[in-house]
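Both of the next two complexes hold subunit A, though its partner changes from subunit B to subunit C.
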Partner chain A sequence: MTVSDAGQPVLAAPESRRPIGLLLVAVPVLLVIWLIIWPIISAIIQTLWMRLPEGGDTFSLETYRFFFSDGYSLSNLSLTLWTTGVCAILLLVVCLPIALYLRFSDSRIAAYVQGLAIFPMFVPSIILSFAFIRVLGPNGTVDLLLNAMSLPKIRSPYLTPWGPVIGLVWDNIPLTVLILLSGLGNVSNQAIEAARDVGAGRFALLWHIILPRISNSVLVAISFAVLGIFSAFTLPYVLGPAAPEMMGPFMQRTFRELYEPRTAITQAVITFGFCIVFGLFYVRSVAKNRTP
Partner chain B sequence: MKRRDFMLAAGTAAGALMLPRMAFAAPGVIDVYFSSDQNVIDFWTNVVKPKFEAANAGVTLNLVDGGDGPGVAAIGDRAMAALASGADPQADLFEGFDTRVTVDGIAKGLYVDFETAGLSNYSKVNPLAFDIPTNLPYRGSQVLLAYDTTKLDPANVPKTWADLVTWIKANPGQFIYNRPNKGGSGGNFVRRAIYEANGQDPAAFTVDNYTAEAGETMLTPAWDILMDLAPSLFDGGAYTSGNTQSLQLLGQSAVTMIPAWSDQALSAIAQGVLPETTGLVQLQDLGLPGGFTKLAVLSNGANKDAALKLADFLLTEEIQSAVLTELGGFPGVSWDYISPELREKFADLIPQSIPNFPSGDWEKAINDGWYRAVAPNVDPAS
Partner chain C sequence: MSVLKIKDVSKIFASGQVRAVDNFSLEVADGELVCLLGPSGSGKSTLLRMVGGFERPTSGVMTIDGEDITHVPPEKRPTGMVFQSHALWTHMNVFKNLAFGLKLRKVAPDEIKRRVDAVLDLVGLNGYGTRHVAKLSGGQQQRVALARSLVLEPKILLLDEPFASLDQHLRERLREEVRDIQQRLKITTLFVTHGQDEALSMADRIVVMRDGRTEQIDRPEVIYREPQTPFVAGFIGTMNLIEGNVANGMFSKAGYSTPLPVSDGPAILAIRPEALDLAVTGEGSQGKVHRVTDYGTHGLVDLELNDATRIKAMVPHPDLFKAGQTVTLTPKAIAAYRDGVVIHRA
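Take a look at the complex of A and B:
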């Protein structure tokens, strides 16, 4: 993933090579238009034009009005926003120290830490969910260990909003660490040493030297995590409370079990509306990097 | 190899990979898709498949776990598309499927009409189980209560709804049921509460008597019953997201009692997922509802005839008895077609009638109503 390459112009293409370049990107662009842009447009149209019983279509904001006046739907949306926000903060808190350690440590342990940090990428979320119930669930491994030390049981996060938060953070650690790590590659050792020479402390180093250089990566990492978490399905479905639901399970249930495709598509469009904000962050930061 | 040759070769290879893969169902291999849980697939793997393949040389079964209802429904949608284009749907038989789910599926003739398919055992099917001619009931299951006998003496087990409510309230945090749309054990517990709120009369609900007003007047009292129970449930009103998760909580001794499918609880005990000290009990005033699991055969499947033979085979006494003895379910055929010894043996365990709650609009109203009224665990009026 070249999400935060150093800002070098890709190919200083002379005028004559331009058509070939355009041709090369035509396939992915057309695919994106066909498989992503067009479904989005058609979904929006489907939710806005209502078929009248006597035939013909009419413009209507009915499903949106329902969503934003329905307390249940709104509480699902706010839970989703809460989960996403908490996960994003926790991911930064957890991953930034790991990434910093991996960037600046030369020890052999670092390789193992990196392996461990990437490990969640290879665990399917359904397996993670059931392992979570076994470990953090009621009378799970943690409870057994605590009990063996004659300590009281934990208040299990299973079936509470914290269940999906813990699962999603664990699941998103690898991607976040990798993106932050690639951003930290832009921080040169000379810059660090120069700052140290003039007497900068650890915190000053982080705040004035490192963070400004990786702010882009942080933004990209957060955008990626948020995009994935906002529409997460398996972990909130298995580990979360019955209500409020996150948007992923809510949409699926509306579509598959209430047989209300229009309502489900409306929920999807609203979800998309929130995600596109973070998508734009990502696009903007990539574009900023590309212009020399 | 010159660089140019290499590029050409690589390009051809990549191009070949990108071509749509043309896959056809193998002749003589019946593709069966399951929406049921693992214990049912195990039953097919260990009992149905060897017996059927032994009786029909050259035919093999390919058992595919479709995940859940929507998973198999997606295969149904694919078959529908294949029907329109005359392609091979690569599927022959759906287990645990309601043919109504595929939009236009019945109208366009996607599913075999069993009334005219000429199955020799079709007349044996239990009349209680009949639904529509494209759904073939082949096994039944009922929800009962599974409990931990080390924590609850079998002598004191609640046997009526009222006793159950008293027990749940007297033992807060020891009971959990799963969300009604995620696996039928919780769903049928909710339906039992709905019967309770409507004079314990299963006949009050039929496939076509749902109206918005009826839903309002008949379901609201049930939501009140369940709301009243919520604070005494596990974690002050938590609901698991599936049958298996409920079994897991009982197995981890986190709760004392759960509603569970009879077949799933029996196989869980047999496999050690639940301890041997697990007790099973059915309410005696009115049992927890259950239902019959249906099959569908695709009319455009490449192995339609073999699949119909398989459907007929499933209704034979051999398999129907195995449903009782191996799976812990109920036969899909009338009890007259079960061997007298088995009928005798299971007479006490199995009630004369299984309340069967209708699907369709009621199901939708229950799923939506429960999520809005009961699951948030707060008084909507407050």
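Take a look at the complex of A and C:
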């Protein structure tokens, strides 16, 4: 214990600091309960209790039954799952090589590559959407260039399921690269050199040494990407097909255009149900890292 | 039979400003343990990394048993390296750390188990195969790192300051063990250290390096007793280096003088503390006692010459001396240097 000149302890004992720590954490915890936990519970209750015409409430799974028996709702859910899965795979395929290059390259170009990889973070989704339309949309830059070279037009991904995929992947590159890069920071140069020393080539190095060491980071990066993509709205709304549609635009249309708040809330609860699985992956990974 | 030959190897880093290793040549005989010793920045680790394949030489040739390995990548070299930070793979247990290299070589599982068990036995870690490496002590981790290299039966073992992160007691014990294992296996070894104790106690030969160049290559006792340059004299052990002038066969410096049969001119006189006799009274050159330290087995007397130059003398009875006393200095063995080379030894 450090003692001041006056003989008083400079740092309070851990026991006396504990209430202050709890007090500091209490405000954000209460805010999370008020703004996140309670709306979730409230939404679930609203979807499970139906108001009867003659008055009073009754427990009902009607909205869930409808969702899981309605072909359109299911195709929207499967499009969302497909988009999320494809985006997650593409993000890994695109971001892992970038992160590996940034981690192990000594070249000056790496700094520019990092800047380029992080750039989408500063571009709002709506700007990205319009840039996408101007470049890959009908009569966009690519079409004009192909036309100038007397080549046939491409089949534009705009308003197809691939439109949101391209946009969402581009939008999620920065966060994924940063998380993977932070994980790769834990792989020491000497661990790599030791593996090369015992005979590991590039693939063995990646498979046996690097990937197992960054598996938590991969899980966290994918969880974050999946959580964002599953409930994305702007990019699927602007770039995606009218039908089927992803859950974000589907919920918005059900709520605003069809005036069916209970159905929209049910869609939100189902979306939340899928997202929480990845949320639990993330929490598990964080807890695993913090276990002494 | 594994002989390592390094011929005229240089390493200039990309900027072109730093010549880390400068025209270095060395031949390490079969089963020999050679220590690369030098201060930080002397190029010893860069040289070792070039032998391991982790740095490419700018010029020169390296061969193992006559085979040119200069541009062979590390994964294809017949060398095994033990790193300063152990560099164990923390997501694997001890067995998997050791078996990894054998699996890459597609060795049969039974043979892998036999070889891993044998090498664990060799480093005194029998039964530790299933232990997680992160839960081992520093000394045990270093043994695993050594075992990981040995299990592949490399032609040349490279040790890069392997004991630097260990405490003094453990370091002393491990260096004896490593030397025993090296001698038992008769494995050609190149060992980098900046600890002279380590080099003197383990090496068959020591290479003292400075600014990427060789200062002296010799057996430990020769390096200690007959250093060829003032740098080696000052770097190995404790040495009093007194810069003065020789006139008419007498070296003198700030009131201290001693016969030195060399031509007139500047010279550096080198005297080991244990080769300097002190007497409180009597004829001879004089110095003043500044501090006396009693180490139990012997004492160390710090002396000041008239111009405040500090020198040390080792004495068997430190209680005979006190701070402030004037004493006579009588060297039993001296060496003298001029222009960086030895000009007299007696």
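Operating definition for what follows: the second predicted complex is superposed on the first by the 275 of 292 C-alpha atoms of A that agree within 3 Å, B and C clash if a C-alpha of one lies under 4 Å from a C-alpha of the other, contacts with A are read in each partner's own complex, and residues count from 1 in each chain.
Throughout what follows, a contact is a pair of C-beta atoms (placed from the backbone, for glycine too) under 8 Å apart; a residue touches a chain by one contact, two chains touch by 3 or more.
Only a predicted model underlies this, so the values are computations on that prediction, with no experimental measurement involved.
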item	value
Partner chain in contact with A:242 - subunit B first, subunit C second, else both or neither	first
Touching partner for A:50 - first (subunit B), second (subunit C), both, neither	neither
Contacts of A:227 with subunit B and subunit C, given as first, second, both or neither	neither
When both partners are placed on the shared chain, which of subunit B and subunit C touches more of subunit A	B
First (subunit B), second (subunit C), both or neither touched by A:86	neither
Partner chain(s) touched by A:135 [first = subunit B, second = subunit C, both, neither]	neither
Residues of subunit B that touch subunit A when the two form their complex	69-70, 73, 179, 181, 234-235, 238-242, 245, 248-249, 252-254, 364, 367-368, 371-372, 375-377
List of subunit A residues in touch with subunit C within their complex	188, 190-191, 193-201, 204, 208-209, 212-213
Contact footprint of subunit B on subunit A as seen in their complex	72, 75, 130, 133-134, 137-140, 156, 158-160, 237-238, 240-245, 252-253, 256-259
Subunit C - residues contacting subunit A, complex	52-54, 73-76, 79-81, 83-85, 87-91, 100-101, 104-105, 145, 148-149, 152
